[in-house]
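Structures for review follow.
Both complexes below contain chain A, partnered by chain B and then by chain C.
Right, the complex of A and B next:
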């Protein structure tokens, strides 16, 4: 059952689930739309590649460095969000993506257009994780970690603060939430988690190239979050699994990948702005109605 | 290169920016929607122009049909999507425009439309004269771009300042609800807005296609990113601002390459400018708080 092809798809899906969940912290919790998430994905991948190939460190050190450095860069690149909102922020994050890719492409230290190759596979106690089911387990462990952080964040005071920032920045400031601080938090956490995913991606492929992290990938990740259901935990997971694995099963979906992403985004916004599995989407309400426990429904009837 | 030559080259570049950014800023002025899909309209304009030109061989007819065609495409985009989102949170039309942009650019690259390759647009200078003196030389193609842009922008200016519906447009771009309250037909104004803006973008696509003698599916991407920078520089929603900002950006780009040399790719520099602008002058060079 676990042949190489299935494992490869499972690894990719796991990485993109992590990416979608991490973007969801920024978009769904803090309400800051970013079209530059692939930049953080790339910074993580390149950090890990530089650490392991240029400085001979182990995968684990690379992963840690990727998470830390991407988090710091995320906090810095979040600064425009303090000055600009909505459309302007989208433009700024889009610009960030272009600048980051240009730096990868034109600075020799990052290998230019040829990228960095021959990344080592992770190993622990002499066991190599290259390409096998073990690597898949590792990736999904990381996706679980990202999910855990997302869930924990939604339960804490910080999560509540982010919610108020999303709904009304001025009101949030009025009730004592430090809007700049929480926006930077959201950018840093979101970026750091994407950086980790970048590290897993880089070491799975074994090489990094600038164009992998271009603007279109940012759109793809945002599509997963929006189509799945922005702001929920199940939404981005579902969106990433759906959009990342569908092209593998449908030849048509492979050729028309971005046509489908785009059309889905437009249809979603027209008919179901909260996403397929959003809180008030018809699919989710339908599911709740079917699976609602009889006791609960009786109580609901009594109450009404 | 001599100064005047650089300047005239910059003005040609600026003309193409103006045509692209004018539509974006008009849409933003009235709807407060960042119309990212405008890039696709520009490419569609170039494509229609090329089709008509290779069929009939008349450049001016091709330009006219391309403008009408892309104008209609713009109105269709508006009526099928943004029209239903005027009162939705701003994230809704924004994501819609991203979706439209991705979808249209991807579709255009498919074999049954433009395919993934470049096509020539051999219209030459369409009969424009060549100007050559001791200190400056303007090719027919450059003349064509300059003349068409100046004529079109003058027409748009007259339409928006001298006609009834133009006044309605001005009112709507100041305050949409108030304009509707005093009897401006918003639907007509917004449709006109989209038609004009998209027609200008289509004209821009045709001109750039002729100027570079190449038309391809992703030709709108770079120009549209530049156009975003321009509408931010010009203060979103301001037409004069767009013209000033286009000239400024084109001059900076041209002279930087001529005098300073190659540091980062042009486009990365343009985006760095954009990010700095957004952080320190978010309302543009001419915009008001």
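Right, the complex of A and C next:
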């Protein structure tokens, strides 16, 4: 049942689920809108490519380096968020994306427009993961890890502090939350997790090229988060699965992919800003009514 | 405990506060009265660190606050009840309260929680409710309770009566009176001079960014200018 085509789609969906969830930590939890997430995706991919191809390290070392280095770069690139807010931050993150792609393109070390090719596939105890169901399992394990971190953040004290930064920065500061520290945390964690996804992507394809990580990809990732339901766990997962697999079913739409993402984004903003599965969206409310009714009536009986 | 010397604040070219000096002593409740646009909120925001004064000094327990961000001021014992409450609307009443005690250890959070629930029983009933679904009066109570969670040495209160029904205004001021009885140091800025003067030890009058009067509630009530402008003749 797992033929190559299905596995390829499943790998991509897993990678983009990780990307959407990681962006959600920044946008949904900390409220810092970023239009540059593909830059972190790319930094992770290139870090892993450089580590393995240029320095002959294993995939695992490349993955670890991708997560660490992208996290550090994320923390540094998060610094503008301490000075600028809202629309200006959106522009700043956009600018970062263009700069990062330009560096990949024009610095020889990164292979220029030719990229870096012949990335090794991961292997463990002599078993290669290339292209197979094992690689898919690994990618989904990583997506599960990103989900776990997202869930953990949403449940803890740190998550609550991130929430206050999103809702009202000044009020957060006035209860004692060190706002800059949490913004930087959010940027670092979000970037690190996107970096890991970049590593998985690079080693699956076997090569990296600058344009894969261009600004339009940032829009695509943000669309997944927003269309699914920003700030929730289910939303970005659903959004990534939907937007990443839909073009496979609607082949004719492939060429218009980004146009459709853009149009969907505008429609969502107008009619369903909390996303398809956001807390007060039509779909989610409907689902709750259908599935929770027996439970609710049981509670009512207990109460009476 | 709070000493402000010659504070000047500008918004662009607008001179919002002119050479404002005032002080709040230990266990004293002080009001700053003034009309809309007098500069009351600017004053509170400068003390909390939301606004940057262009000159002057703010000393809290003999330490200058000028360069400290708001969360450092909270650490030193300031807490703010902001104008309009500024609650964390999407989260529960209990979580709002916990966040109020963000810098406190768990044991303190629990004891403060019991204390504010005793002060505002309605909040105990609504613990799990999302803050923005509370009524206006309840939100104002929650804003006060959230500030109290921080175990403040000095409580700053910005226009707490604004937009509340008269009966709720009375309730909120009686709470402020209770806090003062318990020895809490309080600085409140208010338009409602009548209610404020009932609960404070001293008051200042702020007009167009200048402190124009200072005195005890009795002195101010006798003052013809205050009677005409703030107490309805």
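The rule is simple: the second predicted complex is superposed on the first by the 294 of 304 C-alpha atoms of A that agree within 3 Å, B and C clash if a C-alpha of one lies under 4 Å from a C-alpha of the other, contacts with A are read in each partner's own complex, and residues count from 1 in each chain.
Basically, a contact is a pair of C-beta atoms (placed from the backbone, for glycine too) under 8 Å apart; a residue touches a chain by one contact, two chains touch by 3 or more.
Everything numeric in this text was worked out from a predicted model, so none of it was measured.
Applying the stated contact rule after C-alpha superposition, one finds that A:117 touches neither chain B nor chain C.
Comparing chain B with chain C, the partner in contact with more residues of chain A is B. When the two structures are aligned on the shared chain, A:161 is found in touch with chain C, with no touch to chain B. With both structures placed on the common chain, the touch criterion links A:219 to chain B but leaves chain C unconnected.
In the superposition on chain A, A:148 contacts neither chain B nor chain C.
Once the two complexes are laid over each other on the shared chain, residue contacts for A:6 go to neither chain B nor chain C. When the shared chain is aligned, no partner comes close enough to touch A:286: not chain B, not chain C. Once the two complexes are overlaid on the shared chain, A:98 sits against chain B while remaining clear of chain C. Chain A contributes residues 31, 33, 35, 79-80, 83-84, 86-88, 90-92, 94-96, 98-99, 102-103, 105-106, 216, 219, 222-223, 226, 255-259, 261-266, 268-270, 273 to its touches with chain B in the complex.
Across the complex, chain C meets chain A through its residues 48-50, 69-71, 74-75, 79-80, 82, 86-91, 95, 98-100, 102-103, 146, 150.
Of all residues in chain B, only 28, 34, 81, 84-85, 88, 90-96, 98-107, 110, 225, 228-229, 232, 236, 264-265, 267-268, 271-272, 274-275, 278-280, 282 touch chain A in the complex they form.
Every residue of chain A that touches chain C in the complex is listed here, in rising order: 160-161, 163-164, 167-168, 170-171, 173-179.
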